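Okay, so chain A shows up in both of these, paired with chain B first and chain C after.
And then the complex of A and B:
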């Protein structure tokens, strides 16, 4: 009897310990290690704040964070503005039986490999790529435009991905909206435009905020898209982090930069936390 | 007015579809290029670059590595996720909310930072870079996902069936294997499938934690150093095809499960 109660108490912990242990060992502990590393000097010696103060005093490093924030803000705004009308058309204008197919098609390129997706945009935007050939071929421009290796290319690559992601989330939001709200607005004499502005848009705003926050987090931490499409003309934070490891093997500085990047995301989260309450039905 | 809205809607939808599909169409079209540059004019169709991909042992072994890492790390993530979800759903544990929060915490941190942390830790501990190290990283990113999916699907309904089985004298392991796992199969499958696709496509953790034997996204990245190359188009198109097959398969499984 005694052993039965013992095993009764041991079983739940036996179930949850492996997952907790894994998280502690390979997520929390690495984070602690990174924290320690960020406080040491690259060439050995004791604790130092040098890695952090270097970030705040070196304008080149500081600029990378500014670039990252600018690109992320531009990408988030453009993606929401492009995706909302598209999701609305899919949810309201496309006949019910075609909606699933239309949505699946709209997010199909989502499933191309992430490295390949950026490469594909390089094919489109390159000096002698599809767009430049079309522009020079049609006689609109005599010289090819510099499209690849610019901020424009990075933003295009990002927007392409996040329009698909936001279309999914906003579409789900519009579909969850009970039709009775719209009927009520119509009964009270509101036209379609007023109904949209005063009823549909405010009710879908929390969903948009969640999608926009997701865009922010995924965008600011991404290395591939700016590296392939933006080149090294202007550095974003993840490129700066990777550069410390790649060229110089400077783990302490890379750790400090990673922690700063994470702090920025945390601050953004706290700033939007009250709009991000994911309500459960 | 209504007709105008329809026309504008159509034009807008076509423009967005065009934007979404432009890079994919260019990718696949120029993978069939007969000459050495994937730029206009189109000179194909030719399958020579697909032959080149299949003859490249670095790419084919990277593909096998990717599948192995994806399958094994997803199996580990879904097992750990399922056991912990079951434990938290069935028993009232002290500090449950806090511990559940800890397990889902990695979802909020970008892959780059998770990879960096593991790199620093493994570097200090003297663990060499390897596919195993990358697989450990993939379990870190997929475990919270599997846990969240399975935990959210565990309801009273399934607890009651388990209780019935236990009352009828089934030992704990029998309840687990014969009742809980089959009842939770859709959530377990969804977690496993999502983990597979994330691991299959993951770049930065594999890039940081592997050296010679590596995964397909890292090998494709290495190919990019040679600039625009139809071979990259071909391997990209193949990866796309595999993903589409997986997604369609998943959709069909979901549709079949829906009660008629």
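And then the complex of A and C:
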């Protein structure tokens, strides 16, 4: 009896061991090393809080976090607003037999390199790019607009990517929604708009929040897009982290900045988990 | 050149440093394997390089002549390169390309092997780029300059008045506002800002930083973007901007055939001389092959191939580089004596001033 109980207990552990080992090796260990590094001095001295105090006392560093939060918030909101109707059209308006193809076409840009996609946007938004040529050619503007190398360009590049991601999560949520809910709402006299606002939207909120959280996490930690499209006219946190490594190899300060970034992501997760109960979705 | 006497000696490292080092090594081992693939055979040459050395047209003749494979790993920035070395096993790497001014950093860490001067064509080098103050430490040569150029003003001569490009003042005036890009590397551009306000790049101190910052802010106010190599080169080549602060032959020469309108000037105030060197690792298991590689790169043939590498062009350090007349014309080879006379060395701050310079650069980038 005892041996059966023991083997019954051992099996779940055996099954999760590979995942635990993976997490320990590729998350916990690097995280501990990073935390340790963040508390050491660049010149090889002892423990110090200087790396953290630099961040909180230097306005240029602090501004990088503010910029990151602003850009991430804007990207997340715009991506949700664009992705929801897109996912809804795919799930509700496109015939079932075409949905798979439509979804594949929708995520087609995922198949191209992230770097290539960002440079493509740079060419589209450039002074001599497609948009500016159209605007000046049509006579709407006499001079090209500064679109590339701006925050607008960074946001555009991010939104292009994250709309695809959010479309997938919201589409999956919409497809899981039983038609019975809508039928019940209709039976009770609710019109399409009311059914959407009071039934469909609340039931798909978990999908929206999961997608929004993923967008937040991936966006706030991304280095490539702001580096290529933003023109370094403002620094975001990942750029500030990379700057510490390039020439000076200041890994302690880079680690401290990364820990701060992780803390922000953790706060965002806790906020989402508490308010929307993602863990039970 | 002297070594920082306060630097911890390798054999008297504090326990915390040892633990830190072990942690770094443990975390990096897997990443290194993933990044470099399986490590090379002992007979191969493992080179930590900048992108110009990855050109097959440069490596192939050496590989065929010596029957070895050159395994390369590209890096950007001395800090990143040093991190790769520290996270590797001793002997993993044979040679390294490094900013000439940073050779003492490698020597201080005990990484480099002295080079035999009698087996290198030092007499053929442009005297001004030998950089003995950096490449020679305690009387021993640890690096040899292989390529150089200028961080100066790169521009499109059909869009701007070349006469204006003879002064750094053009970068902060109103005439070219919004037509300027700044190369995103703080040392050379801070050097240019220093030249613009009449300072010598070799004499910069912390007290100069407020004035330099003001000059940088004026440049930023006129700039459309601050971009790394590819971004700034693309901006100039596509007409997004007409002037690149910090640009030079390394931007314009490689694009000369496609865009002959691109050119560079050495303004009255001067320009910043950049140079890259080759160094051999002390723990290299293939020192003979490593030396042969350095000799090949420094040979007239190797120098010509390196100078015209697909990644970026630059002046060969060897005056006898086997360049064609056309290539010499593009690189403005014959004008080098005059350029070198007016150029000032790359700023070489100590660690503390380096950090402060980077913070000034960060503040400039964040300024709106």
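Note that the second predicted complex is superposed on the first by the 247 of 281 C-alpha atoms of A that agree within 3 Å, B and C clash if a C-alpha of one lies under 4 Å from a C-alpha of the other, contacts with A are read in each partner's own complex, and residues count from 1 in each chain.
We take it that a contact is a pair of C-beta atoms (placed from the backbone, for glycine too) under 8 Å apart; a residue touches a chain by one contact, two chains touch by 3 or more.
Note that the structure is predicted; figures quoted are calculated from it, not measured.
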Margin query: Quick check on the chain A-based superposition: chain B and chain C, clash or fit?
Written below: clash
Notebook entry, point to check: With the two structures laid over each other on chain A, which partner does A:120 touch: chain B (first), chain C (second), both, or neither?
Noted result: first
Next item on the list: In the overlay, answer first, second, both or neither for which of chain B and chain C A:269 touches.
Entry: first
Note to self: Quick one: is A:173 in contact with chain B, with chain C, with both, or with neither? Answer first, second, both or neither.
What the structure shows: neither
Check: In the superposed arrangement, which partner chain does A:128 touch: chain B (first), chain C (second), both, or neither?
Finding: both
Check: Looking at chain A, does chain B or chain C touch a larger number of its residues?
Finding: B
Item checked: chain B versus chain C as contact partner of A:232, first or second or both or neither -> second
Notebook entry, point to check: Which partner does A:215 contact after superposing on A: first (chain B), second (chain C), both, neither?
Noted result: neither
Notebook entry, point to check: With the two structures laid over each other on chain A, which partner does A:223 touch: chain B (first), chain C (second), both, or neither?
Noted result: first
Notebook entry, point to check: Once the shared chain is lined up, is A:105 touching chain B (first), chain C (second), both, or neither of them?
Noted result: first
Item checked: Partner chain(s) touched by A:68 [first = chain B, second = chain C, both, neither] -> neither
Check: Can you list the residues of chain A that touch chain B in one structure and chain C in the other?
Finding: 29-30, 33, 37, 119, 122-123, 126, 128, 228, 245, 251
Margin query: Applying the document's contact rule, which stretches of chain B touch chain A when the two form their complex?
Written below: 5-6, 9, 12-13, 16-17, 19-24, 26-27, 30, 38-40, 80-81, 83-84, 86-88, 90-91, 93, 99, 102-103, 105-106, 108-114, 116-121, 123-124, 136-137, 139-140, 143-144, 147, 172, 197, 201, 203-204, 208, 216-217, 220-221, 224, 228, 232-233, 235-236, 239-240, 243-244, 246-247, 251
Margin query: Show me the residue ranges of chain A that touch chain C in the complex, using the header's touch definition.
Written below: 25, 29-30, 32-33, 36-37, 40, 42-47, 58-61, 63-64, 119, 122-123, 126-128, 146, 148-149, 227-228, 231-235, 240, 243, 245-251
Note to self: Taking the touch rule as given, give the residues of chain A at its contact with chain B in the complex, in rising order.
What the structure shows: 11-16, 18-20, 22-24, 26-31, 33-34, 37, 82, 85-86, 89-90, 93, 104-106, 108-109, 111-117, 119-124, 126, 128-130, 133, 160, 163-164, 217-218, 220-224, 228, 238, 241-242, 245, 251, 254-255, 258, 261-262, 265, 269
Item checked: Residues of chain C touching chain A in the complex -> 7-8, 13-14, 16-17, 19-20, 23-24, 26-27, 30, 76-80, 82-83, 178, 184-187, 224-228, 231, 234-235, 238-240, 351, 354-355, 358-359, 362-363, 365-366, 368
